[in-house]
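Order as written gives the chain letters A, B, C, D and E; numbering starts at 1 within each chain.
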Amino acid sequence: MFGFGVLKGMSVTLWNFILSYVYPKKGITTVQYPEQKKEVEERFRNFPFLVYEGAPDNMRCVACDICSKECPPKCIYIIPEKDAQGRVQKKPATFDIDYAICMNCGICEEVCPFDAIFMDHEYELAEYERLSSLLYHKEDLLKPVEHFAKIRPTDYGRIEATRAAKGVKGRAQPVAGAPPKPAETQQSPPATS
Amino acid sequence: MNVEEIKNDLLKHVPGLELTVEGESFIVPKEKLLEAARFLKENEKYRMDYLSCVTGVDYLAQAARLGQPGQAAVGGQSELASGYLESVNHLYSMEKKHGPIVLKVRVPRSDPRMPSLVPLYRGAEYQEREAYDLLGIIYEGHPDLRRILMWDEFEGHPLRKDYVEEDQDIR
Amino acid sequence: MSDTAVHSQEPQLLEVSIGPQHPSTHGVFRMNVVLDGETIVKLKPVMGYLHRNHEQLAENMSYLASMPYTDRLDYICSMTNNFAYAMAVEKLAGIDVPERAQYIRVLMAELTRLINHTLLVGFLLNDLGAFFTPTLYAFREREKILDFFEATAGSRMMCNYFRFGGVKADLPAGGMEQVKEIVKNYSRFLDEFERLLTSNEILRSRCQNVGILSKELAVNASITGPILRASGVNYDIRKVDKYSIYDRFEFKVPLGKVGDVYDRYYVRILEMRESIKILQQLLKQMPEKGEILSAKGAAAAKSPRMWKPPAGDAYGRIESPKGELGFYLVSDGSPKPYRYHVRPPSFINITILEDMCLGQKVADAIVILGSVDIVLGEVDR
Amino acid sequence: METSESIFVVIKKAILGFFHGFLPDWTVVIISILISVTAIVIFGPVTMMFLTWLERKVVGRIQNRYGPNRAGIFGLLQPIADGVKMLTKEDIVPRAADKVTHFLAPVIVVIPALLVFSVLPFGRGMAAVNLNVGLLFFLAVSTMSTIAIFMGSWGSRNKFSLLGGMRAVAQMVSYEIPMVMSVVPVILVTGSLSMVSIVEAQLGGKWFVLTPWGFFGAIVFFLCGVAEVNRTPFDLPEGESEIIAGFHTEYSGMKFALFYMAEFMSAFAIAGLTATLFFGGWDGPLLPSWLWFLVKSYAMIFIMIWFRGTLPRFRIDQLMGFAWKLLLPFALLNIFVAALWQMLPAPKNLIVSGIAEAVILVIVFFASRKDSPKKRTYVFAD
Amino acid sequence: MDVLHNLARLGFFAATLVTLAAAVMVVTLRNIFHCALALILVLLGVAATYISLKAEFFAVIQILLYVGAIMTLVIFAIMLTSRIGDKTVLQNNRQGLMSFSLLALFNAFFIGSVIKTSWHLNPAAMTANVDAGVLGAAFMNEYVFPFEIISVVLIVALVGAIILGRSDQ
């Protein structure tokens, strides 16, 4: 068993060894993480966030609860706001997403009819404590539309075009007539400690 | 390879076999399963030498009685009406490269025993063990029928429709 | 065991359990091995450590909701898992798929086949003892394909990209150039890989005539995928079922003669070259524009938890890189599947692991397991 | 140039001269021994630390990545970091272990690795001990590590380490004989066993590797050396992917570091010995002699690391077959070629021994063709 | 330089002492593997005495052959006989006293005769510096016949061992 095949194999590794010094752009493929960061593709999806226009109070979400029903691992928990007479408003009082359970599959973004929830690009979310600190409440989830426009320009363009076409203008005043069917909130709240 | 042609061949070659056709699949009584499978495997025209997939399915009483739309209602055999366990076998031929022949065997939930296909197809060994482990279908003639996915001391069969998970951690 | 002469007492058998926490069992998989010296006398695989009861989960969720879970079955080729599940549901509900979506689907499936085979060769060399070099070359090439997946599907490994009746989104702006770039220098990478490995005498002597699988046993034990073709059986579901638009591409199916670890390794290298041929033809034939979700598909995707397929059962299967991956669905007309069963290739391919390992050395058992290419997400479901 | 040539010898003479003033002469002899001993005891571990860093850097570069570059500039403090980690790691002794052997094994495995350095000629006049049986001493002491490795594997009472121990002993015994045989031509040509005289026989560029028998003898010796030191492609005793970590599965903390140190020091010793026997030790045109020795040894070390980055591992029976059926017969035949080379006068001997060497290569090639793996053909069905 | 000379003698006595102690340990230790290690120590002690008598070649051959080869084969034997490693054999038994007295008697005669006989020393041999070259020449010239006979005996033993060792499959 003579070593010509072995020598041919060793020539490949020697070539890679030399390449890594002579022509690092092709020879070295690793990214030195903390110093250099690999920029993320536009459609990259990490955990969801809620969108508001202008002030955080003027958020697009109307607490229709479709996303929490569609979410495969059931990690979204919504309680709609009630005004003085107890009538349900079209705004969520609490909107929790448990980032520990969410598997960033992006289904909530697809099914949301009001373009209120989108997947973020932020992936440095390490926490010290698993249960409570990964349960994001409404305040932590809210981000301006400009952030969405910055991270995903093409999607933002497409969605704005459809919204303009449908003539959806900003925050609809609460319709005086019959309030929408109170969204039943029967799904079990996620494991809150 | 249409369903009628297969049905006539089966009835001709396997004596005493009463076969019902449901859509694309054949309901075979459990006594005749091995014979039918052996015929399909050795017969020159079919040469079904590849058992692709063995699936266990659990039909509860109300599902069985009302019968799946598109599947014949099961009122006929009385004891099956109280719900049955079904083992679906997809047979293909690697030699002649032709499509699936689906054999279904139904056994009542009270007495879930049926003949195993392992003597004919080695491939069924793990899939039947999984059907036994998750659905409780006992395959007679299986060389080594024990749990494959759950740990051995586990009681109950998780994929059964009436399986209620006991709450270990009631605080 | 032939009863050796009376005076020599029974050989001192060593009972060793390899795994579930072992450097080269590709996940939590255990083999209880009984050794006589270094040769294997008995080998019992033990699995189920990663069992998440995926099938019961799917029975309590809508059809679309279990699509992201199919990514986690065989976590190396998530696109082909989605492909198989989407085809099964389309067969069940009779949904058609538009032209451009079919091309995108075949594009994703063949890229996943490249990833899986490259990674397998890398990990097989790891089991043989090469200190991570082939694996890291494999990872280097896989990164380029994963970047393309991230650009189109949104996530590198858990793509969740297929929908019933098409795909979630069209290719991104620079997508086609990225694919052309990948396909162009992938064959150059394969030449480098072959120069490093194929004629390597140590690899040849370690892999030839090890773990031989005969044709009859392979067919009888329902083995599918490259292992079956390495034993010489010509059965590739892309050619048999001609599902999706595979009949429009002209490609060959490589077959081995002996059916040992070396044949399985080399058949996979040849299959990668065939996949590159398919991708080249695909890039030429692909229509520029076209809708990517059929009308019925759009209806299903509008509100997944309300969507009700007609009652009945269906079995959709594809040629995943590891073998025949099939989904058997029974629907009773409600939005939740009545029965959801996965036919995983890895789970069935290890039925005859013991037959291949008897009489071999301990080191061979690890190599044979490596050549069978199992992923525990798919074995345990 | 002259001072840099024998800088270390001059330093030692200066120290001795200083003590000579006021101490009786017998203490001066002891002090000179102590200086040599401390030199080796410092040189050994420092080389080991540098080699661990070098190995991770080179294998990293082979795999298109940087290798350690965080601890210190270019990652040079990485070995120190590893050393501290090893010191602070808990030293677990398995309950069923045979305490005495488990404890003694790492101690005894380091002794041969250090003893071997005493014989290596690091430079002109810089061999610690000029034993006239230096080469044989080297081979004898390196067999002792076999026993230490087996003590380690037997003592830890663990199935995997037992397998590793069996493999280690079988491999060491079967690679020692071709190693000794491949050294015999060098002794035959130089006529003496002392390492210093071997290097002197090769002075002036007349290295043995340039002779036909020397070139192939060097390959055989180097392969046996790599096997003796359990490095890839012969690293079966600690085959990670098969038997977890072979004989040092049950060792952690400083004991594991000792095994690791012994492996690297004997790897450097083998590289140094190959350089001395076949590549002319410290003989070289410009640079000082000790620098030549280091350059050549590190070239050999680079090849060992290069092996590690490329080749898969042998199986136990192929390993044995390779030693007994290929290396040993070739080394024996090589002795005849060396004898031919030695007997005939200058111009003719090169031609005759060259032809003889070619004949041997052809014989061994055809003899081993039967069990060498074949090329395979594949069918393309549609 | 007599101090160095004394040191050398001290080294020699220390080596012999270690050898004797290890020899005693070989027969009295419980675990058979520890006995094998003690035997290795004995052989190393013998090599040390060779060195102190300035016969380096013999010392190195001693280490190479005895410790390197023969002891490895002894360990092979221990390893391959099944379950011999962990049985601890009881070392002492009742005949201890009787055998000790016999031994003492024998030693008395033996040491007595050793002291009484006058060993006539051949002065030439005392100072001759025997190194590998001289030995090699001796083997090939005067003693070539016994050298060949021994190699034949070894070959026969080797072939016999292989035939016996080959298990009967």
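Everything that follows uses one rule, which is that contacts are C-beta pairs under 8 Å (C-beta built on N, C-alpha and C of every residue); 3 or more make two chains touch, one makes a residue touch a chain.
Note that the structure is predicted; figures quoted are calculated from it, not measured.
Peer 1: Give me the step distance from chain A to chain E, shortest route via touching chains only.
Peer 2: The distance in steps between these two chains is 2.
Peer 1: Taking each chain's centre as the average of its Cα atoms, which chain lies closest to the overall Cα centroid?
Peer 2: Answer for the innermost chain: C.
Peer 1: For chain A and chain B, what's the span in angstrom between their mean Cα positions?
Peer 2: Using C-alpha averages as centres, the distance is 44 Å.
Peer 1: Quick one: chain A and chain D, Cα centre-to-centre, how many Å?
Peer 2: The mean C-alpha positions of chain A and chain D differ by 57 Å.
Peer 1: How many Å are there between the centre of chain A and the centre of chain C, using C-alpha atoms for each centre?
Peer 2: Roughly 30 Å separates the two chain centres.
Peer 1: Where in chain C do residues touch at least two different other chains?
Peer 2: 133, 137, 140, 196, 200-205
Peer 1: What does chain C use to touch chain A in their complex?
Peer 2: Touching chain A: residues 61-62, 64-69, 133, 137, 140, 143, 147, 150-155, 158, 160, 168-169, 172-173, 192, 195-205, 301, 303-305 of chain C.
Peer 1: Would you pull the chain A residues touching chain D in the complex into a rising list?
Peer 2: Touching chain D from chain A are residues 1-2, 6, 9-10, 12-14, 16-17, 19-21, 27-30, 32.
Peer 1: Quick one: in the complex, what on chain C touches chain D?
Peer 2: 14, 16, 22-24, 38, 125-133, 136-137, 140, 196, 200-206, 208, 232, 234, 239, 252-258, 262-263, 266-267, 270, 361-364, 366
Peer 1: Quick check on the complex: what are the chain C residues that touch chain B?
Peer 2: Chain C residues touching chain B: 47-48, 51, 53, 55-56, 217, 219-224, 233, 235, 240, 310-313, 315, 317, 324, 326, 328, 330, 332-333, 338-339, 341, 343, 347-348, 350-352, 380-381.
Peer 1: Mind listing the chain B positions that touch chain C in their complex?
Peer 2: Residues in contact with chain C: 23, 25, 49-53, 55-58, 63, 68-71, 88, 90, 94, 97, 100, 102, 121-127, 130, 134, 147-151, 158-159.
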